[in-house]
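Working notes for the structure below.
For reference, chains read A, B, C, D and E in written order, and residue numbers begin at 1 within each chain.
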Amino acid sequence: MSGDKKIQLAVEHSFLKKGGAQKERVQKKSAQKANSQEADFTLAIKAQLPSKGITAIYGPSGCGKTTLLRCIAGLEQADHSQLHIGADDLGALPAKQRQLGYVFQEDRLFPHLSVDGNLNFAWKRRFSDNGPSKQQVIAWLDIEILLDRKPDQLSGGQKQRVAIARALLTAPRCLLLDEPLAGVDSKARNPILRHLETLAENLSIPMVYVSHNLDEITRLADHLIIMDQGRLVAEGPLLDMLSRLDLDVTRQESAAVVLNTRIVDHDDRYSLTQLALSLDSGVSLGSESDAQLSVGQLSGEPGNTVRVRIPSRDVSIALERPSQSSILNILPGVISEIESIDGARVIIKTEVAGQAILARITRKSMEHLQLETGKQVYLQIKTVALLSETLN
Amino acid sequence: HSALTDTLSIATASNFRPVLEQLSQTFSEQQNADEARHKINISSASSGVIYAQILQGAPFQLFFSANESYPEKLVASGHGEPKTLATYAIGKLILVSRYEIDDLEGEDLEGDDLEGKSPTDILLKAKRIAIANPRTAPYGIAAMEAMDSLGVAKESQSKLVVGNNIAQAWQFFHSGNADAAIVAESLASLAESAAVKEQQQRLFTIDLSSYLKHPVRQGRVAIKPVSPLAQQFLSFMNTTIAEKIMTDGGYLLPTKGKDITP
Amino acid sequence: MNLLASDITALWLTLQLAAVTTVILMVIGAPLAWWLSRSTSKFSSVVEATVALPLILPPTVIGFYLLIAFSPDNFLGSSWLALTGQPLAFTFSGLVVGSVIYSLPFVVQPLQSGFQHFDHKLLEAAETMGAGTLDRFFNLIIPLTRRAFVTAALLGFAHTMGEFGVVLMIGGNIPGETQVLSIALYDHVEALDYQRAHWLAGGLLAFSFALLILLYGFNRHKKSGVKQL
Amino acid sequence: MNLLASDITALWLTLQLAAVTTVILMVIGAPLAWWLSRSTSKFSSVVEATVALPLILPPTVIGFYLLIAFSPDNFLGSSWLALTGQPLAFTFSGLVVGSVIYSLPFVVQPLQSGFQHFDHKLLEAAETMGAGTLDRFFNLIIPLTRRAFVTAALLGFAHTMGEFGVVLMIGGNIPGETQVLSIALYDHVEALDYQRAHWLAGGLLAFSFALLILLYGFNRHKKSGVKQL
Amino acid sequence: MSGDKKIQLAVEHSFLKKGGAQKERVQKKSAQKANSQEADFTLAIKAQLPSKGITAIYGPSGCGKTTLLRCIAGLEQADHSQLHIGADDLGALPAKQRQLGYVFQEDRLFPHLSVDGNLNFAWKRRFSDNGPSKQQVIAWLDIEILLDRKPDQLSGGQKQRVAIARALLTAPRCLLLDEPLAGVDSKARNPILRHLETLAENLSIPMVYVSHNLDEITRLADHLIIMDQGRLVAEGPLLDMLSRLDLDVTRQESAAVVLNTRIVDHDDRYSLTQLALSLDSGVSLGSESDAQLSVGQLSGEPGNTVRVRIPSRDVSIALERPSQSSILNILPGVISEIESIDGARVIIKTEVAGQAILARITRKSMEHLQLETGKQVYLQIKTVALLSETLN
């Protein structure tokens, strides 16, 4: 509801070696016992998440993402755990009173109930009436025809969609999603992502979204937490995080930056929309066309703000403005940072109209073009790369 | 058949088992002195069960029943040896109650039917009267008959708790759940000699034999083929030692003339 | 041929006893079994063993000790008398108490075994949806371990129906009050009234058989809906 | 105080009977329960009901009919006699046969209930790895439904130990041959030899209690390893 | 073993409406009953797969991919089913005799066994001794440290890796994989993919790989089956399929073509490798440099054949050879086909040294550059886009 509420989180938890010992966890005497009882895995995270929008948790397999969600939901008896959503202290509440929605990594549909029964189970117990209706959720996730089936008559992706629908129906005050789209194909994925965003926006339900799919995260998240081996590696607003060259995310094959842009115009003939990188429409009208992008036609009004995503592998650098090329989007920029990824490749950060764009190119090209910090260059961004990757 | 491994299997109605155990022990002591070693196995159950089992070929050689009819039926069906059919004991029926002496204003009621302290009073006063099942147990039939003679049958009907046999009727009484019971004297003497001694409460026992037109006559029979050892045991039953054991155990002896000796 | 009125009475009484006992057993047994299946304390092993003890002793012997316990001289009997004004021995209530104690393991064991196989993950999911303990119990555990509940109720009911030794000891064979079918049937056998025994046993068997077939047929039908369970 | 030699004999005999019976019950019961839990034919409902029937009849009555069936005049008794040269009634073998029939539902029911909860998906996985029926049974089903097996064996064993009515009828209370502990104990009670009864019952209880605590403690310990099961 | 053995497959299967009816499936009287017993879903597939290499099955959620694998494995009692691997008729065999490895969509680890126990279960029952050793498989999937754990102590991705390892250990004669990498992060994914390829190559274990991830498929598969709603949409060698403009796969965001190339030279200074598109090294030495690609350094010898993958979104078109750009790879080509995707975008197929490359560009650019069939153009391919996307 209010913008400056925060979700505050501090969790410590260890899985001790030896299956059985787990239950007889050292409590008072943890100090002495700690060394004798070696831990298989230790989670220690302290973070502040915005209470609005989507926070993504990113990290490799086994880094503790699921464990963190379980601690937030109150399902894991953490060694130390604090959780505040705004002024409410949830840390001491049992799971059933936390009013959080949880989409588990495996679907956990109730096998004795039909899909409809599963949805009703959640609907009957919903925490408030502010959530979406059953009809809405069923339509969003396109599960109308599955309603009469039992879970064992569903395919993997169908199960996951039903599980998401079920979690949405409880109208939780925060939604935890553990790789909810891992088994869902790309066609079904887009509408689901869109509806999740809408929920986060319109109903101000914050979401914590676990994924190791960077594509998904850059398209969805507002805030990003990067984890590794149970620790927090970095944390911050997505836009900042994605242009930080010191992080591993910017070196990934699927690395991308996200830019805030403003709709300038629609080109109905070619079904394109012009976007300006500078948000302030008054300033420097003259240079505006320099920092404009063409993307597939959007529905917003001119002046609306939209976010676009630019994968760094799609950005190439030229010293002169190229012509006679199919590449429509050519932006002038200034190199602000160069970092090498491996022997063959470097990543180049450029400033364009106050925002950062990353380009990944070969070291050979870099030397060939004599690129260095401060140099004025042209960024070529394939228009098409922007299509269907826009968010609003 | 070496005498060393000879086994005598006796089936007995549960109520006679304690006495039979003493009998067989004494018998064995005598026999073993003669170097004729043997083993006696005693199986007890209700007479009806044993009867059914013998009909189905149970390996018993002697059967001590709690009534006369089962042995007779076994003879009729050809399982029993007619020559060994006999009445071996007559049960004494008694009434036991837990009432304190003061309750009945008497000094010593044992053995006698004192004036004003009649069994009728006790039966009328009792809240629960334990008897053996009149459908299946001879002592149950006898108990009903005695109450009839005492004229309390109607009044008692709703107070009856029915045990499967007299031992159970005794337990109803002994555990304190029934305050009177009509059982066999043999049980009372058994109780007297064993655990009941520990109990502080005194028992009142009143002999009801005089109220019975049909005393409880217990019959026996040997099952064919009759082994020498079985014959020997039946003979032993007529010795004075054996008779003493039976009377001590609370049974009356049948008139000598009716006994059949080999 | 004829079942006497007394047999009908005994049958009716038996069904009442079995029904009341089964209900009590399920009410006591289900939470007990659930606790036993989840608890890891040493104490629960002791409770578990205690519940199972009636399995070991012959029923008549249990009946014997119950008889002693029911006596107004002893704690249980006297407190019951003080509370209800009625003795425990030779009453229907006494039979119920005895049957519950005797049949408890037959209900707790199958339930516990069913609960042990219960997938904890589903409970967690329900928990996040705000379902409390009872809610989860009635809407997840019972339907998902239905088979264990059926088994438990069946064993409890049947065992009470067929029970003999305990009832014989603490019942006192009072028609209409404590003379249950098993004892009536036994009486017929002991009284060599075989014809009546055959009729009664045959009738009982046929009735039970029909009931069981119905029950199992129904169970089997429902089963095919949920393949994995 | 003293347990007589005859009590020791009876104890030993009882343990033998219970052990042999339990082994036979598990060997028969496990495949039967598996089949019942998987089959969807109508016929299996009939079998299921038949297996459960001994639950309903009082043991003495079952014993009575078994006694008749065991008679050399009847099919079962005469074929057994022809096959083994020994009668069935009043022998140890007869007790075993009777106990198996009587205790079968106590083994089949918990196993079936356990199997019903078995996750078929794991069996499929094993199948693709080439595991045959027996392989899957011993390496997946038994360990994963361990609790149901323990329950079944326990109920079967204990029920045979405590059994009374059937054994009395078909056994004939013959010391060393068919006089089991429950009957010996009952005899002591009937002979008003309460002290010996107390000792025997107390000893039996203590022994069983110790055994059960060990069993459950062990079970509980192992359980914590596999959380979901 | 031999190259011309084939896997022949013909399956028909219906899930009838109503859970219970499923078992009492109509058998003889299917003809009459068919209409009265409406089917929830019907699968009807007939296909011939190569007995070597990896066949991918691609299709949206719920299209019947899992059902098809189950029929192949003999786990689903199909209405009609035929399966031949070479001369062997497996159609009538029960699942346990088919000697196929199956990685299920959900891990199906045995919960009572440790990871090691699970691996041993498979190893003890292996179908032949030709498979990889336990050590190898453990190393490939990087599960050494998990060996003592029980499955419920593993994270989602870890479980999937163990499941793959377990299936490999049975040394099956064919491996069925149902979205095995859905929960595995991209870092862990690459080595697993590489080892699967090696297995398919070196041990000639054919694999059927279900995925709705086109990236994964183009990187892995040799043969592609496209399914929708239980039917086969198209089928053929991956290279052909990926350049067929009539198929949906080429319009996808992640569409790509795969090219066969030959190593020409290594450039150690910039850690790059030169590849030639024409496989025949003798022919037209002069024009060779025209059709060359730079990719991140590879380990092969000059003359070796390698496959590279070119996403169509990474290809832009110019009319003149561009200079002063970071894009190293510029290939001359001739437009052979143009197909429009939507209002804004078109896909252009070009012939380069006898192979097809697809470029996705805006319709605006197309009109602007006056592109049409037969026109000579230059294809710009960002070098970097090829890195880490090479196969050998």
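In the analysis below, a contact is a pair of C-beta atoms (placed from the backbone, for glycine too) under 8 Å apart; a residue touches a chain by one contact, two chains touch by 3 or more.
Since this is a predicted model, take the numbers as computed values, not measurements.
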Path length in the contact graph (subunit B to subunit E, fewest steps): 2
Intersection of contact partners for subunit C and subunit E: A, D
Same or different residue numbers at the subunit C/subunit D copy interface, by half rule: same
Remotest chain, subunit C as reference, centres from CA atoms: E
Rounded Å distance, subunit A centre to subunit D centre (Cα mean): 60
Chain centre separation (subunit B, subunit D; CA means) in Å: 36
Between subunit C and subunit A, distance of the C-alpha-averaged centres to the nearest whole Å: 56
Multi-partner residues of subunit C (each touching 2 or more other chains): 40, 64, 121, 186, 189, 224-225, 227-229
Contacts with 2+ other chains: residues of subunit B: 49, 52, 168, 171
Touching two or more other chains - residue numbers and ranges from subunit A: 19, 23, 106, 150
Touching residues on subunit C, where the partner in the complex is subunit B: 64, 67-68, 70-74, 77, 87, 89-90, 168-169, 172-174, 186-187, 189-192
List of subunit E residues in touch with subunit D within their complex: 23, 73, 75, 94-102, 104, 106, 108, 110-112, 121-122, 125, 127, 150, 152, 166-167, 170
Subunit E residues within the subunit A interface of the complex: 15, 19, 40, 59-62, 65-66, 105-106, 149-150, 153-158, 161, 178-179, 182-188, 212-214, 252-254, 267, 269-272, 294, 296-297, 313-314, 316-320, 322, 324-328, 342-345, 359-367, 369, 371, 380, 382-385, 387-389
Residue numbers on subunit D that touch subunit E, as the complex places them: 40, 121-122, 124-132, 135, 139-140, 143-144, 225-229
Of all residues in subunit D, those that touch subunit C in their complex: 40, 42, 44-46, 48-50, 52-61, 64-65, 105-106, 109-110, 112-114, 116-121, 145, 147-148, 150-151, 154-155, 158-159, 161-165, 181-183, 185-186, 189, 197, 201, 204-205, 208-209, 212-213, 216-217, 220, 223-224, 227-229
